[in-house]
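Report on one structure; see the data block that follows.
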Amino acid sequence: MNWLIAILQTTLFVALAPLLAGWLKRCKCYLQNRKAPSLLQPYRDLLKLVNKQPVVSEQASWLFIKAPYIIFSATVLAATVVPLIAVNLPTSASADVIVMVGFFAFARFFLALAGLDIGTAFGGMGSSREMTISSLAEPAMLMAVFTLTMTASTTNLSFAISHVLEQGLVLRPSFAFALFALILVAIAETGRIPVDNPTTHLELTMIHEAMILEYSGRHLALIEWASQLKLMLYGVLIANIFLPWGIAQTFSLHDLGYGLLAIMGKLAVLAIILAIAETLVAKMRLFRVQEYLGFAYLLGLLGMLSHIILEAAR
Amino acid sequence: MNIESQDFYTQIILSMAALVGLTSFLMLGQGRLLRLIFMFAVQGLLLTLTTAVAAYSLNNHHLYISAVLTLALKVIFIPWMLRNEVLKTNLHRDVEALANQTAVMLGGASLMVFSYYVLHPIVQTTSPVMLNALAVSLSVMLLGMLLMISHKQAIAHVVGFMSIENGLFFAAIVATKGMPMVVELGIAFDVLVAAVLFGIFFFHIRSSIDSLDVDLLNKLHEVDK
Amino acid sequence: MIPAYLLLLITLVGIVFFGFTRHKADMGKINVWFNAVSLFATVWLAINVFNHGTILSAEKAFLVDSFNVYLIVLTAFIGLTTSIFSAPYMEHEKELGKLTDNRLKLYYSMYQGFMLAMYLVLTTNNMGVMWVAMEGATLATVLLVSLYRTPESIEAAWKYFILCGVGIAQALFGTILLYYAAVQIGDGENALLWSELFQHANQLNPEVLQIAFVFLLIGYGTKIGLVPLHNWLPDAHSEGPTPMSAVLSGLLLNDALYAVVRSKMLVDGATHSDMAGYLMMSFGLLSFLVGALFLHRQKDIKRLFSYSSIEHMGLMTFAFGVGGSLATFAGLLHMTVHSLTKSAIFVTVGHAAQVAGTQRMDKIRGLIKTQPKIGWGLLIGTISIAGFPPFGVFTSEFLVLLATMHSYPWLTLPLLLGIGIAFAGLFRHIQPMVYGEKPEGQQPVKANLLPVMLHLALVLWLGLAIPSFLANWFSQATVLISGSSPL
């Protein structure tokens, strides 16, 4: 039964990710006075791509073809670790937050290799930029996550969320810092403005798009899907760690349904905030990204310090 | 001290302390004057909120007055005045190249540690919450000074000066639930007069050296050059 | 208590009056009258205190005891004599085209504002209000330092404003800590009243008070001009109008020291350690030596004497730091004679600079030939401030040395050394200015040297024989501060 729910949750993750992307696109369209596409447009795009024949370059090695599958499955595995609608599931109990970060790194590694594999200038450039950013973003992310895990004295996300739930509403300065840090990291990692612009193919600025420039057909569909999944994963992380209320602690149908509604509501709100931020902020120069991520790291560090100084028991 | 065991008021105060400290750090690393002023206004707003929370939870009416005073002076009047000055002198397009940014930030961090060190003897006799509040306000003061040292624009100096006042004010609110009314009114009056005087000084400095870069104020030496 | 209220009221009326007056021609004279009435009020107050002992006003807002009452009288006296000097002086500056009528209005208005702040610092019983008034004194004088609107004066005023503002913020932090210690044992509204704090000093948390004192000393020490917080002082003194230098040196520095001593009394009561004393001694000794050394390097006559102020404030801080009845008595006496002498010197220096048309010492020559009164005034003033007998400065410095020899014998050596260095530093500059060859076309100026004569005569009198009522008064104040009588 538990495993069933765990599988259901992961399926929900995978299934809902394009919906979130669609909602985000819609919000941005409203804000920018454009006509919005249907909410289901990402699904249609994926379907269209899957039906198309993939074109693969002659120079491509086996890695290029296998990479989309590896990336997608690694991201799905990461999704199993993160509690979406319920805590205390067997999948999330078996792996902790460091494993999740590891899955992300694994996926990114193969994405970068795939970018390099084809030998075009853009692919290599994108890979190099991606690795630069991730090497800066990862410590910041871990710092923010450690703040949480130190509070809950566990690195397991599921237990940590239960811990936060049990304590009720406690205002923690460390969480405020960690939240900001995690938001900044999430923006960088999912390639949103101001770090990267997912809607442009302007050669000077693109990062993520540069690496997948040579992909087409079902390969492209998988990579797109994986990045939508990643966006949702970060959204869920932020929503469920800092505002876990609503998540199901028992496996009754009522609680699970309520949990689903709650997380969808939270994600919808987060997407609106993200859309507003993306509309207001301009993309920054690539060389400013290190400052930005340095700031995120500083916030994460401050979060941890303020946990030790302000909150820890003496 | 475990934060879960503290009451809600203490939690708010601690969070505010952390955020006020953060705004000080943000100001320290800020080369653009308009953003600097904005951060200063945010800090003022945090102070206003802290004061209002303290007033509410302690049911102390005169703290409401100081909250309103803070709002009027530090969130509205002074930032407005500084902003006008920046726009008038066309400084909002300049980004000040801060020398030794990294060293300054590290210096800021060590100042924070230093304030905890200085105030640590207090912890034996009072609650750790007070230690935190006092240490944060002391470090806001010290960071304000560092801001004045590391920036060259007169406007940044004024922001630093006023953020020192902010730190003091935070200590007064949190540690002692506000000073007696007469003292607080006096301090607010002094801040107001100081702000007006700074306005006058900007005018004088600009008419005398045709810039607001205080590094050009270097005519007076111990010995003739 | 009526005279104290009267005092504050007069100066307040003075601010408003000069702000809106139309009698532009007579402002100098009117200012003299305002200060004369203030002096009258302070004497009345002093007689009250003399007859009835410490006076605490209703609601305990004001406190006048034997310690501050003599400072109040001194403040009013120097305020009066400086205003007598400033009337023709400022008139002359106006004729030279350095000032306009409106700036003169500002000057007189802020002169009264400064006096108000000083009186408030001295009379208030509330440590918070004391801080507010001290900051008010900065705010009142900052526009006076830049009164001439030259680039140098604006720079000096900016430095003065920023340094003193930042410095005095430390004192507010100290005050907050003091209050924090006080609310733990008493109720909120009265917890900053000095009289209450002093009464319950032994219950105050000693750790908090020690930290508080460090901040109070740094904060008010900036105003005293203690090294290394002294940078504003020579600039502000040299670029502002001379009457301002006289009152800054004669009054502001004293009152800042007064605030430190008041704080020290609380801390000593709470901690029963010599921490406060040692801090004051080290800061004082450092300022004394550095001030004395810097005398040698000056080119500007007003900067020269402002460094001399730093040196003497250092000596006083040291004396109060040594503690004990003799040193405290010496400190009080030195406060008095230094104020009198230094304001007299600044008055003379102002005239000397007008005679020579510059403040640069290598351009000021032959004063005694051009205008003997000014030359002699400068010479006697310098002799007095350098600590020659039979002037009062000698007596007080001698007492400080005596007290030091008694408590910390090995510290007398640096003190003697400093006095020697300062003496050499002053005379190598003063001697050619007074006796040197008179430059072509140097003309005497209209000068009123009555204040100088009066001050120097008083200092001489204090040096020869301290009148018994004054000695009595000092010893009462000494008992209050140090707990034992020197007599």
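General remarks:
By letter and in written order, the chains are A, B and C; residue numbering begins at 1 in each of them.
Just so it is clear, contacts are C-beta pairs under 8 Å (C-beta built on N, C-alpha and C of every residue); 3 or more make two chains touch, one makes a residue touch a chain.
All of these numbers come straight from a predicted model, not from anything done at the bench.
Averaging Cα coordinates per chain and for the whole protein, the chain whose average falls nearest the overall one is B. Greatest centre-to-centre distance from chain A is found for C, with centres as Cα means. Note on chain placement: the centre of chain A and the centre of chain C lie 67 Å apart, centres being C-alpha means. Taking the mean of the C-alpha atoms as each chain's centre, chain B and chain C sit 31 Å apart.
Averaged Cα coordinates give chain A a centre that lies 37 Å from the centre of chain B.
Residue ranges on chain C touching chain B, taken from their complex, read 126, 128-129, 131-133, 135-136, 139, 142-143, 146, 149-152, 154-159, 161-162, 165-166, 169-170, 172-173, 176-177, 179-180, 183-184, 188-189, 191-192, 205, 207-208, 210-211, 234-235, 238-239, 294, 297, 299.
Interface of chain B with chain A (complex): residues 1-4, 8, 11-12, 14-15, 17-19, 22, 25, 116, 128, 132.
The touching residues of chain B, counted against chain C in their complex, run 118-119, 121-122, 124-126, 130, 134, 137-138, 141, 144-145, 148, 154, 157, 161, 164-165, 167-168, 171-172, 175-177, 179-180, 182-183, 186-187, 189-190, 193-194, 197-198, 200-201, 204-205, 208-209, 214, 217-220, 222-224. Every residue of chain A that touches chain B in the complex is listed here, in rising order: 167, 170-174, 176-177, 298-299, 302, 306, 309-314.
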